[in-house]
Amino acid sequence: MSHLPVLLVIVYLGSAFLTPLLSRLKRFSANWFAVGVAALGLLVSGTSALYLAEVGPFSYFPGGHPLPWGIEISVDWVAVYMQLTINFIAFMVLIYSKADLIREVEQGAISWYYTLFFLLMAALNGLALAADLFNIYVFTEISSLTACALVAIKSQRQCVEASLKYMILSTLGSGMVLLGISLIYMVTGHLNINVLGQALPAAFAAYPWNILVALSLFIIGFGIKSALFPLHVWLPDAHSSAPTPSSAVLSGLVIKVYVIVLAKIIFQVFGIDLFSAIPIPEVLLLLATFGIFAGSILAIGQKDIKRMLAYSSVAQICYIYMGLALVTETGAVGGLLHVFNHAVMKSSLFLAAGAIIYKTGIRKIEDLAGIGYRMPITMAVFSVGALSMVGIPGFSGFISKYYLAFGALDAGKPFYVAVILLSSLLNAIYYFPIIVRAFFGQGGGKFSRDNLPRMMSLPMLVLAGITVYFGILPGGLVKIVELAAATWLR
Amino acid sequence: MQDMVLQTVAKLLIPFIQLYGMYVIFHGHISPGGGFAGGAIVASSYILYALAHDVGAGFKQFPRLVAKWLESLGGLIFLLVGLVGIIRGVQFLTNIPEWLGQVGSIFSAGIIPLLTVAIGMKVCSTIVTLFYNLMEEDHD
Amino acid sequence: MISNLVDNLHFLTAILLFLIGFHTMLTHSNLIKKIIGMNIMETGIFLFFISIGYVEGGSAPIIREGTAMVNPLPSALILTGIVVGVSLTAFALALVIKLYRYYGTIDADEIMRLRSNEE
Amino acid sequence: MRAALTTVVLVLIGLILLFMVAEMPTFGEMGPAYNEVAHHYTQCAVDETGATNVISAIILDWRAYDTLGEATVLFAGIAAVLAILAAHGQRKKGR
């Protein structure tokens, strides 16, 4: 049973290695294989959550060597929470992807698409579990490489361009992370996160420069990868030009996993005391505030619907940063809740936008008038996601903002409550016109049916359902997240 | 680029390069080297061949299908060796103490030589495939 | 402090390489040069990491009788780093080839200009 | 303009790193990095793994999980390259 967490990585890696071989078989459908593997992944992550509830956090040592010379995989509530999020969203997106990819990706590249998708999933699951700095680096590299490839695989030239930009900046980020790892290793001689947490105070007393430079390198490096304002320049291009399933996964999962990894490094290696002693939380809060406003204001000006959603991600990722940088337990609960809530909302929005593009080819927001009558289900899903983004009570986005606001009050920073309220208003400014135009603009009339493949509408409906469900009954989710937040901030 | 001198010298050199690469792979656990270095050396012989002849000839020596198989097999062997650990009731990727053997001989160190060979295969096929494919793109 | 700086010449060189690569990556518009810059930056980091492991008079980490060895861990880790660098470079080159096919140039500014002309 | 700005930023970063190098453990000495972990690796390689090449012992036994990731990076690289080559076909430039 204790093998369960690492089994997820093995399953995804094994499927990735097998896909190129299996795709030579005549009756092999890469898509159904992927859906099956993702279902298995969801099952395994669910089981490991139950197992964790039974035995409590535990460590796993691949290779069987104890600390400090082995690699540790630490299975705690953060890891399991992330795994559940990752596998659930992946499962939904993979169901959706079958019909969509035929339009967006060349026939010969589809099995490669799923190979890369499996590798990305393995890397994200590995990142959620990793408790070793170098292990984090390796999985980070796999995930950035595959994420770039998932952007470039669409047969349009702006995708290649966006992907190259993404790739160059993310290499810069990982270079900084590696330099940070080397600086930490230099003064402590350890790579394991928990061992480092104990060794760091002494090292900080002897070599403060190394530690501080390493901390800033980690923040900049992962900041680039997770599109922390003002390092977000690659995100709008990459996320808007990618095929829809990639957009959903990149915006929904990949950037957040980097935030979580950064938080793991900061809280478990550097520790709250060191992190709060220097004004880094304040700087992060300030950047997050700027990012929330800049992302929202830039989103207002966008004409392309996917590009608008991408800018909205720039703003939303900053809520997670804000929640974690408040360094209070309620704030962290808000930030972590937003990981799941935003993943669900943003992927449902991207999938809905993708469905509109799939059916009508419309990408321009101004052309969307009356689309609510032609594709009522899709636009209903979009509206649920949009309302949740704005933070209307009754949708899951409200819950995370509620916790964020209380976290800000707990930290004695009521300014950020105002930021959250004001940003909700900004969100409303760019989401509501779309809904209004779709349902109340000209070109209306009678509702007709969506005529989408069932494989496309089903996952969207499930995601919208989840958004509403956790908006009304957030109890179970909040419980897991509170356990997760308690691993960092007690 | 059909140069006779180049082709003849390449033909003479390639067996030695490959032999040396194999040596480096198989002695990875007892002397300097290992799967990465050895795989790259073996790959360099194929690259030399493609440079002396052309990519088409290179693809004849190292067909895409073989590359695909080696690529996937390298990873799968790694995973299977790791799963042996789980089957034996210990952790993933644990070494097998009964196979440690005589220190310094080729058949020693448990799973290390197995993994070295898997990595050697993988590195070799990766480098050759990357090089051939990029070179092929460049040609036409 | 200054004497330590002189002793740490290896680290200084590595940092310099890192900065040169960084600069090349950010300022040059030629995409191939950007990729070269990426590689120089990575090389700087690798050199830095490897230098941590060096011990005066240490030999390569192959077990023999009675010799002091350098720290083997940085070398082992950088092996991974190099492999990662190879994959990233290959991928970036493939992207540049495709961009060249689409636009007929490998200059980032030129590509921007071509795109804005079309819109 | 942009080049000048980048240069200024890089000079600043360089100065910070210069100060850091001046305060760092000295090159070639047994600094804090050469701790019990490194000693364990060099002393117990033969007993625990049977390999005399310590690097091999580290990458394929103590840290084999990292090397699995590394092999995966190679696989990801090749999958990515072949995917884009397949996805973008043999089109002529311009379109």
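Note that the chains take the letters A, B, C and D in the order they are written out, and that residue 1 is the start of every chain.
Following the convention adopted for this analysis, contacts are C-beta pairs under 8 Å (C-beta built on N, C-alpha and C of every residue); 3 or more make two chains touch, one makes a residue touch a chain.
All of these numbers come straight from a predicted model, not from anything done at the bench.
Q: Comparing the two chain pairs, does B-C have more C-beta contacts than C-D, or is it the other way round?
A: Answer to which pair has more contacts is C-D.
Q: Roughly how far is chain C from chain D, centre to centre by C-alpha average, rounded to an integer in Å?
A: 9
Q: Mind checking the centre-to-centre distance between chain B and chain C? Centres are C-alpha means, answer in whole Å.
A: 24
Q: Between chain A and chain C, what's the gap in Å when you average each chain's C-alpha atoms?
A: 28
Q: Calculate how many whole Å lie between the centre of chain B and the centre of chain D, each centre taken as the average of the chain's C-alpha atoms.
A: Chain centroid spacing, chain B to chain D, equals 21 Å.
Q: Scan chain A for residues touching two or more other chains and write them down.
A: 13, 16-17, 20, 62-63, 134, 138, 141, 145, 148-149, 152, 160, 185-186 - these are the residues of chain A that touch more than one other chain.
Q: Which chain B residues touch at least two other chains?
A: 31-32, 71-72, 75, 79, 82, 92-93, 95, 123, 130, 133-134, 137
Q: Among the residues of chain D, pick out those that touch two or more other chains and give their numbers.
A: As it turns out, chain D has residues touching two or more other chains at 17, 23-24, 31, 33-34, 37-38, 41, 46, 48, 52-53, 55, 59, 61, 63-70, 72-78, 80-82, 84-85, 88.
Q: Based on which chains touch which, is the overall arrangement a line, ring, star, complete graph, or other?
A: Its topology is that of a complete graph.
Q: Show me the residue ranges of chain D that touch chain C in the complex, using the header's touch definition.
A: 2-3, 6-7, 10, 13-14, 17-18, 21-24, 26-31, 33-34, 37-38, 41-42, 45-46, 52-55, 58-59, 63, 66-67, 69-70, 73-74, 76-78, 80-81, 84-85, 88, 91-95
Q: Spell out the residues on chain D that touch chain A in their complex, using ranges where they run on.
A: Residue positions touching the partner: 16-17, 19-20, 23-25, 31-38, 40-41, 48, 61-66, 68-70, 72-73, 75-77, 79-80, 82-84, 86-89.
Q: What part of chain B is in contact with chain D in the complex they form?
A: Touch residues, chain B against chain D: 28-34, 71-72, 74-75, 78-79, 82, 92-93, 95, 100-101, 103-104, 108-112, 115-116, 118-119, 122-123, 126, 129-130, 133-134, 137, 140.
Q: What does chain C use to touch chain A in their complex?
A: Of all residues in chain C, those touching chain A are 18, 22, 25, 31, 34, 38, 41-42, 45, 48-49, 52, 73-74, 77, 80-81, 84, 87-88, 91-92, 95-96, 98-99, 102-103, 111, 115.
Q: What residues on chain A touch chain C, complex-wise?
A: Against chain C, the touching part of chain A is residues 134, 137-138, 141, 145, 148-149, 152, 157-158, 160-161, 163-164, 167-168, 171-172, 174-175, 178-179, 182, 185-186.
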